[in-house]
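Order as written gives the chain letters A, B, C and D; numbering starts at 1 within each chain.
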Amino acid sequence: MLEQLKAEVYQANLELPKRGLIKYTWGNVSAFDTETQLFVIKPSGVDYATMQPADMVVCNLQGEVVEGSLRPSSDMPTHAVLYQQFGDIGSVVHTHSPWATTWSQSGLDVPAMGTTHADTFYGSIPCARFLNSDEINNDYELETGNVIVETFKNQGINPHDVPAVLLHGHAPFVWGEDCEHAVMNAVVLEEVCKMNIFTRQLNPFAEALPQEILDKHFERKHGANAYYGQN
Amino acid sequence: MLEQLKAEVYQANLELPKRGLIKYTWGNVSAFDTETQLFVIKPSGVDYATMQPADMVVCNLQGEVVEGSLRPSSDMPTHAVLYQQFGDIGSVVHTHSPWATTWSQSGLDVPAMGTTHADTFYGSIPCARFLNSDEINNDYELETGNVIVETFKNQGINPHDVPAVLLHGHAPFVWGEDCEHAVMNAVVLEEVCKMNIFTRQLNPFAEALPQEILDKHFERKHGANAYYGQN
Amino acid sequence: MLEQLKAEVYQANLELPKRGLIKYTWGNVSAFDTETQLFVIKPSGVDYATMQPADMVVCNLQGEVVEGSLRPSSDMPTHAVLYQQFGDIGSVVHTHSPWATTWSQSGLDVPAMGTTHADTFYGSIPCARFLNSDEINNDYELETGNVIVETFKNQGINPHDVPAVLLHGHAPFVWGEDCEHAVMNAVVLEEVCKMNIFTRQLNPFAEALPQEILDKHFERKHGANAYYGQN
Amino acid sequence: MLEQLKAEVYQANLELPKRGLIKYTWGNVSAFDTETQLFVIKPSGVDYATMQPADMVVCNLQGEVVEGSLRPSSDMPTHAVLYQQFGDIGSVVHTHSPWATTWSQSGLDVPAMGTTHADTFYGSIPCARFLNSDEINNDYELETGNVIVETFKNQGINPHDVPAVLLHGHAPFVWGEDCEHAVMNAVVLEEVCKMNIFTRQLNPFAEALPQEILDKHFERKHGANAYYGQN
């Protein structure tokens, strides 16, 4: 089932090392099928050199395996929560890309310091809090999803406007309308995390982009009157 | 029309990811034809893997499309202003190359700290101011060009001596006599931006190159008695 | 003898430049055979382009060459000490990978600041002290091994929980159950060394991972109830 | 004439971009022939894609072209001075490799902070002073060579023990017994320049390697009783 989506998820997972976002198997991509309300995800810890599209695992929104002979990524329950809570997102990506992971380890939100950021993310990318004892010891990966959802709710951020989060001490989760856009958003996140750390070092007084430029760049790509690209 | 120039512009755009200056479609190259007073530019947001020379768009100095079935790069009006105002430049390049973008985000000019810089840029590379409300909301890309021109005029810089500018909060624009030199200048800019940030960190008292060495290196490549290369 | 192990050691040595851990011949991998109590190691200073599996050298736990026409890596006696003292480790890797070497030069332990670290290393990676005069002048490479063993003993660290060490002013030694895992651990070490230096720069108040998250991540991959991967 | 040496010099020049030491034509390699007392050097500003071994230029120790239809590298007179003054060095390399150039721009000597350095350079790599007015305006490239020689003489450094120098505000010159070793020394210089800047940032109190470890590592590779490698 969902052969086409499995092929896309397989290809998107291969994009991660190719784009420099992961080494070995340190990441995973999934994609959601609206019709069946199921999602397809990479199996856990399988070598990319031998992995096949048919190895992808199909799961439901309760985080249960529906089809597949291999175990799904251990982060699968986090993906399930995001599909359940974030409306119509089509794909979720998890990586340990070094610059985004550096920000995650620092526990800081990523401010919008330039138009590279504003073209994709409408404002700061939040860093979610550490999980507490109970959350760590009971269903860690599911609670990771819950903490992400809590972060967006508490800070009043629309996950379609800011399709990424950092987990304190861990690494980023990123999403998008489909696999291609979710991976692309993960690349943008990595790039702005790299540039922002050095922007601050170069000029410790550098500030976030003026609101009107943030609006302009996000709107020209994502607004009702978007005029970037061919559509 | 302008088939030869389209082929050159197409090739120069492909150079951008190859030289590590952009990811995906985060940049654009154009080139100017003196005879027809038209320029050729990359279409907006088209995947480099499928893009063809025939997809290039022909525009005039008023920023109007003259030929082409695709929309031109959304930054096209900025290119038009530069061709109109900067005399006989032959090509314009826009990238979000990470180190130059880091300097753009910091809002600082790039000082000439070494001969790598002096071989191409005769003095500091200026960082243009943020656009104001009116400029952002009325013809943003055209006003971006105007702010670049204003920067060079106000600071008394000859755009042939310093073929690059940073836009505060955005990224660089670079130019040259033709596509090949414009891309090369963008590579030099990226390299000096990387080296200068770490030079300052290594020795916060490091200063700009003595004027006589700046003169010597710029002149040996670009002066009347240039003796670098085979011409 | 040990032809299969020679092929593995040969392949693992080629992994070092491929993974960006070394340039030229600045590293070496060895692997241990439990049955014969011998280990196979790269020859000293041989070009990787011409090196063959048959060039690998077989040594015993006393650091003597048992088979091979070439000299073993000059670091061979260090490998011998680690196999002798660290129980059942299957492979040892030495590199001058730049970020781990930077930490070695700084003389600091690498704290566990994120789950990338916790997935492989259970706590800080220690930096061993400089060798003293006697140790430098009498059997330097053997004494290097002894200082590593001393470091783990004095600090009460189990080498299976923390399969890496930094040598002050030198570079890392890393180990694992076999060549593949030892090289992978060297890649993880390099990545966390890169991320931790910038984490500290981004947020000088950033702290080590909470103990419970360290436990969780190490246990889900290496504990009795590990659930990462397919085994 | 000197066809074999031309082939070696050609190959060594191609190594520079391959090893990440230069972009475009920002460097040059030469090699010396003891018998004829001539040296072979890259032509100035020629594209590496089309350059041929026969394009190499033959010069004498007075810095005059002896054979070749193309202009030699503009830095040729610097090479001539080094061959004349530094005894039996076999090859000279000039690059603008980014980390070594960063140190050159900072005007600081590169201290020996680790064994990666000590394996090749016996002590600090000096940064030569800026050229003065007269030197800049009269035979700049020749005077560059003279300033390098002056630096080693004044500081009592043997150019065989420390086969590299930084030029303040410019970039490195490196040498060795032949092309292969000179390029390798340029790679080591680049790597230690990268590592040392971050070592200092990580631990501002980090010091140079103890003298005995510096001795040990330099001697085990270059001393009378060297035991690294197969010779």
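The rule we apply is simple: contacts are C-beta pairs under 8 Å (C-beta built on N, C-alpha and C of every residue); 3 or more make two chains touch, one makes a residue touch a chain.
Keep in mind that what you see is a predicted model, and the values were worked out from it rather than measured.
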| item | value |
| --- | --- |
| Relative to chain A, chain with the most remote C-alpha centre | D |
| Interface residue overlap between copies chain A and chain C, same or different (over half shared) | different |
| Distance between chain centroids, defined by C-alpha means - chain A, chain D (Å) | 46 |
| Length of the line joining the C-alpha centres of chain C and chain D, rounded to whole Å | 33 |
| Chain D residues counted as touching two or more neighbouring chains | 201 |
| Those chain pairs that satisfy the touch definition | A-B, A-C, B-D, C-D |
| Chain B to chain A touching residues, read off their complex | 23-24, 26, 43-46, 70-71, 74, 96, 98-99, 101-108, 130-131, 133, 136-137, 140, 169-171, 197, 200-201 |
| Contacting residues of chain B [partner chain D, same complex] | 19, 113-116, 184, 187, 191, 194-196, 198-199, 201-203, 206, 209-210, 212-213, 216, 220, 227-230 |
